[in-house]
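Just so it is clear, A, B, C and D label the chains in written order, and each chain counts residues from 1 on its own.
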Amino acid sequence: MPSRLNVAILGHRFMGRAHSNAWRQVGRFFDCPYEPVLKVACGRDAGPLSEFAHRWGWEETESDWRKIIERKDIDIIDIALPTFLHAEVAIAAAQAGKHLFCEKPFAINLTEAEQMLAAAQAAGIVHYLNHNYRRCPAVVLAKKLIEQGELGTIRHWRGAYQQSWLSDPSHPLDWKLRKEFAGAGPLWDLGSHALDLAQFLAGDIIRVVCHTKQFVTQRPIASNPATVGTVDVECAANLMFELGSGGIGTIETTRYATGRDNHHTFEIYGDGGALTWDLEDMNRLQFFDGAGDQSTRGFRSILVTDPSHDYVKNWWPPGHIIGYEHTFVHAAADFLAAIADPGTSSVTPDFSDGVRITQVLEACLRSTSSGAWESAT
Amino acid sequence: MPSRLNVAILGHRFMGRAHSNAWRQVGRFFDCPYEPVLKVACGRDAGPLSEFAHRWGWEETESDWRKIIERKDIDIIDIALPTFLHAEVAIAAAQAGKHLFCEKPFAINLTEAEQMLAAAQAAGIVHYLNHNYRRCPAVVLAKKLIEQGELGTIRHWRGAYQQSWLSDPSHPLDWKLRKEFAGAGPLWDLGSHALDLAQFLAGDIIRVVCHTKQFVTQRPIASNPATVGTVDVECAANLMFELGSGGIGTIETTRYATGRDNHHTFEIYGDGGALTWDLEDMNRLQFFDGAGDQSTRGFRSILVTDPSHDYVKNWWPPGHIIGYEHTFVHAAADFLAAIADPGTSSVTPDFSDGVRITQVLEACLRSTSSGAWESAT
Amino acid sequence: MPSRLNVAILGHRFMGRAHSNAWRQVGRFFDCPYEPVLKVACGRDAGPLSEFAHRWGWEETESDWRKIIERKDIDIIDIALPTFLHAEVAIAAAQAGKHLFCEKPFAINLTEAEQMLAAAQAAGIVHYLNHNYRRCPAVVLAKKLIEQGELGTIRHWRGAYQQSWLSDPSHPLDWKLRKEFAGAGPLWDLGSHALDLAQFLAGDIIRVVCHTKQFVTQRPIASNPATVGTVDVECAANLMFELGSGGIGTIETTRYATGRDNHHTFEIYGDGGALTWDLEDMNRLQFFDGAGDQSTRGFRSILVTDPSHDYVKNWWPPGHIIGYEHTFVHAAADFLAAIADPGTSSVTPDFSDGVRITQVLEACLRSTSSGAWESAT
Amino acid sequence: MPSRLNVAILGHRFMGRAHSNAWRQVGRFFDCPYEPVLKVACGRDAGPLSEFAHRWGWEETESDWRKIIERKDIDIIDIALPTFLHAEVAIAAAQAGKHLFCEKPFAINLTEAEQMLAAAQAAGIVHYLNHNYRRCPAVVLAKKLIEQGELGTIRHWRGAYQQSWLSDPSHPLDWKLRKEFAGAGPLWDLGSHALDLAQFLAGDIIRVVCHTKQFVTQRPIASNPATVGTVDVECAANLMFELGSGGIGTIETTRYATGRDNHHTFEIYGDGGALTWDLEDMNRLQFFDGAGDQSTRGFRSILVTDPSHDYVKNWWPPGHIIGYEHTFVHAAADFLAAIADPGTSSVTPDFSDGVRITQVLEACLRSTSSGAWESAT
């Protein structure tokens, strides 16, 4: 019988739902060292918060996050808030000794990112940054194949994270379109995911050149659609980079790619093989084995639902695919394992990865201003 | 605050897990008229049953299903048992006034199927047969497009349900390979799903000709692998059929299709358009609109994750796919709605569909013996 | 410097063009033992024939095919005529010692087919039946992989040849819709191709059950669209079969598959692997290698443009695809090689394959009448 | 009966073959105002030249290209030579009044490119630069859809031209790896194609930033594999650009993309729709129509073989695909039409496009040196 850990969640919208689901599901499908208890949900809108807490089974609600952090009975703080709120909460929670499960993008700038990491390290807590796509079984397999040397030396990374929800100019100005709340636009929101996978799979990015662009700069304000406000983040960002290992790459991020709902994709070419993946078809990995016979080589479409793969055996038999939110369940499982056994378990990405990603993102912004290459280390 | 309905589940293996998950998840993602309470889990192996109940939160366990049926506090009996046990349980439960959520294949033969339907109708209970793929959003969209006339008159159905787990001759003889427990082989297990979708989308099948084949007839007995037993169900079954509407079709079912894990697929061709779908890529529907311009027509790959689709809005934003078990959650939501409002809601397929599918399946078996066409009505 | 062989072509429409192109192109891309000379084109419509001959460089025209067969200077008779004319021409030409390059479907019935074969064998000429898809490099690779044992024992063949040109009910009644000219409908026209590939790759078909259907039976007469005539061939034909090797299969043929222009496809499943192919994407073969590692197996998309493949090295570098008519060029190359060296070369399919295919096709028609399985040997 | 134009070809390797085929085939499939006569083939290796001329039916051979240009009976000079030879030949031929059919890349640098254009314009000849992919029917359709406004304002171009033939480090140093002969590496060879399509479909590129990289710099010399020589062109080049219309884009070019034989691909996103294409599947265009119903939108896979498309009706019925070399035949047809009617016909790209592409390419090289954005106009 596992002992219990009390979780407090901050935020109750899209990410609040996905995280709540993870805490509820993890013990059903994974053998966890702890049972997470959905203890308290925190937010400022009493009505929606109450509805959220009731629906997901959070035992209590609270409007002041500082009170939660003061509570002795809370073990885990789950930060499912807009980016600009991460640093203050995370630092205070770390100082109070809470383990941190933090949504991405990590921080609004590198200064805050470094403060968050410093606080987490000083406190000795377990800290996790939720770039959840690392835990798609197909991405896990990609990592394994690369570590086994199947791709050889990586020469090219070709990535993109394309959405289309801003193609419609009547879409209102929301917090993701305001620099003060979001840090930046798709570069921060989508690019952080894309860069996380690039560095996870292909290693450190050492320099970048970035190109941002404005397409639609005035949008209706949701609370009063007759008025408009200014989009002060970039509408799209393209970047080129160089890897420490000598490979090169590109990443495109946009919310104006008509026809793409959630098209997070990469192609990786090494001198020994190649891989491609696409989040919209997230259960598959395409693998080209360069060592194969010349006449029968080809990209192999691997449906990563075989129980031999990490995480997969905990779900369903082969050919029964999993969905988006399962990656959060995987993260929760690994996070609980890391708390139980900090010596031998680890959960990544963590706040040090958050700092690294933010370094690259800030280099991109500098490059946008300078029109030139910038160091990303 | 919805009132509660107590659920008892019979069976605790693959389907027991998938059903338990549905009862747990349905209230988080759907607005249900009732909250299902995971009251009691029933099975004969005390150890695994206890572990199952604990993991999924079933409040009690019980080894004798008859005792459960006698309990006044149980509202819903969830039958997640091997096929040969369905009839006895379902009939007794219906007679006791319990609503029935019954796994497929429906029954071991038509006689039992008809008895099950008669009992359910006599009792006036809500009865549901879990051909869950009807509730893939892509299949729901297929139904809608057909009902809107987008395909015109259907000429061709080309279906298959192909798996590969018996390609390995060392796979042991399990209950699915024994006629007394399973009714038949892939025809029953996979064919019932394929026929359900065919009749759901294209209408009644009126006659069939069927071809079954044995490939591997002796397999090790799991409990004693040094000994072998006889596979007395077909290894594969192909069938051709005629629809009441004048269309024609084929379905192939097998567990020997090396390379296919769970390849349930259909192609539908009407005089106005066409559709194709594949369970391994279950979030997509391919639609050919014959009314389009001659020079820009083509199969359109619809990622059915837009909130305009049934069920989808309850999950995640566009482009965030769902997985296999979500279809069970959809079924649970509709089942609870049907209990709340039997007058205006309905949940299909129900036991009358079960009888129809079993009629077609039995016609297939007769055709296998006669070597000729058999009426399926 | 190769010596020359004089070719006479009978027919000057779609197939006349494709064959003319083959004779013109073969010497440019292949090292042939003979140079084919486009000597005389034969047809009954003087105007179109003359235009055809001029365009393609046929040196002469002739309206009476018997005169051509009498000519001593003609070495090869290329039969690009409607099916019902094949037998009389082929038999006379064989008796005159001409080598025969014959378009498919082979013959209007088995009796004529057998007479054609007997005449060809008696004359000792080279005879080729143009099921050209055997010479798609991807199909050649499929054959090679099967012969190497990569698929093991074949269990399933799932084939189809689907077109859509009759979905439009105003399409006129042409010769392909009249039994006296065509033998049968899509079963003959498309099914002969599908059956040729099935027997080429998976071996002899020993029994069949077939299902034909009428959808649109009255169509406008092209020469007088105000009047209608009767379609007296089947509109669609589905069939199931058993292979001599123990495998089973299905084939669907139709001209009513809205959305499919020329969708000739097969899936082959053996106990060791699987293959799929589709004519609309004819340069690719999908191969599942069952011997691979469980966790990285998948269908491999082989772009069959590597020079290691038969025929391919004669065209372009890797990744530069070939088109439909190239298969005819391959056939011409092999046909010329077989004339040069009948002892060691062979060109298939030949008239004996034509007899075999016609046996299967006639068994299908018998089954349509009997409603039961029929022997195909 | 069309009158004749005499063609002289310079070069007899890969492009010599592809061009010869075009001259031979064009009159068979297209109604041309002139019949091209394969008059003389020019090259320096007497043996291979003779074999080439014989195989393709060139009436004469010649070792000195200046003599050909002096001949009064030559109407068309077909330049199928390595890049560094283009300028001298093209300028002399233009001055002699010959029409020019010139292989790409256009020129070794912008100076020569401008001289070539000036000479062609001064002479008033028809000049064509063979970026043949403009004449893939799928690309023609893309152009038409964009011109009809189906994509609206273009926001994103995402392109790549990836090959893999240099993944093998033992591949010898050939002329394409030497700056003096090739101008540059894949940027020039592949990038010129990619940029041509980008500018053809999305309009002028006004500024660029480019990133090149060396992977393997020493390679065996073909004539003496025991010795090595230096690759002095880039191994790969990535670039980002801005369109005059306000859109942005990326292009990657490499010969180190293991698994990609000839992967020339683009994705175009406008505010009204999107298109994608891939040369390895060149008969298809993927089109997303943003104007469609929200719930049934998707990328539509258009098999561009319907006779309603330009060029297609001259080949085969729907569903019968064409291959790589057909694009050269299309170019030859348009080139001959432009000669016949220079007033109303035009053939593009021409030398002015060649200058524009070279401007962009040189801006890329400058950017590689400067590490910053460079104007491309």
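The working rule: contacts are C-beta pairs under 8 Å (C-beta built on N, C-alpha and C of every residue); 3 or more make two chains touch, one makes a residue touch a chain.
For clarity, every value in this text was computed on a predicted model and none was experimentally measured.
Visitor: Check every other chain and keep only those touching both subunit C and subunit D; list them.
Guide: Looking at subunit D and subunit C together, the chains touching each of them are A, B.
Visitor: Hey, which pair has more contacts between C-betas, B-D or B-C?
Guide: Ranking B-D and B-C by C-beta contacts puts B-C first.
Visitor: Calculate how many whole Å lie between the centre of subunit B and the centre of subunit C, each centre taken as the average of the chain's C-alpha atoms.
Guide: 41
Visitor: What whole-Å value do you get for the distance between subunit B and subunit D if each is reduced to the mean of its CA atoms?
Guide: The separation of the two C-alpha centroids amounts to 54 Å.
Visitor: Would you give the residues of subunit B that are in contact with at least 2 other chains, written as numbers and ranges?
Guide: Touching at least two other chains: 260, 297-299, 303, 306.
Visitor: Would you mind writing out the residues of subunit B in touch with subunit D in their complex?
Guide: Listed in rising order, the residues are 141, 145, 284, 287, 294-303, 306, 308-309.
Visitor: Sort out for me which residues of subunit A touch subunit B in the complex.
Guide: Touching subunit B: residues 14, 18, 20-21, 24-25, 27-28, 55-56, 163, 165, 260-263, 279-282, 303, 305-306, 315-326 of subunit A.
Visitor: Across the complex, what residues on subunit A touch subunit D?
Guide: On the subunit A side, the touching residues are 151, 155-156, 158, 160, 162, 164, 167, 169, 209, 211, 213, 215, 236, 238-240, 242, 246, 248-250, 252, 254, 256-260, 267, 269-274, 288, 290, 297-299, 371-373.
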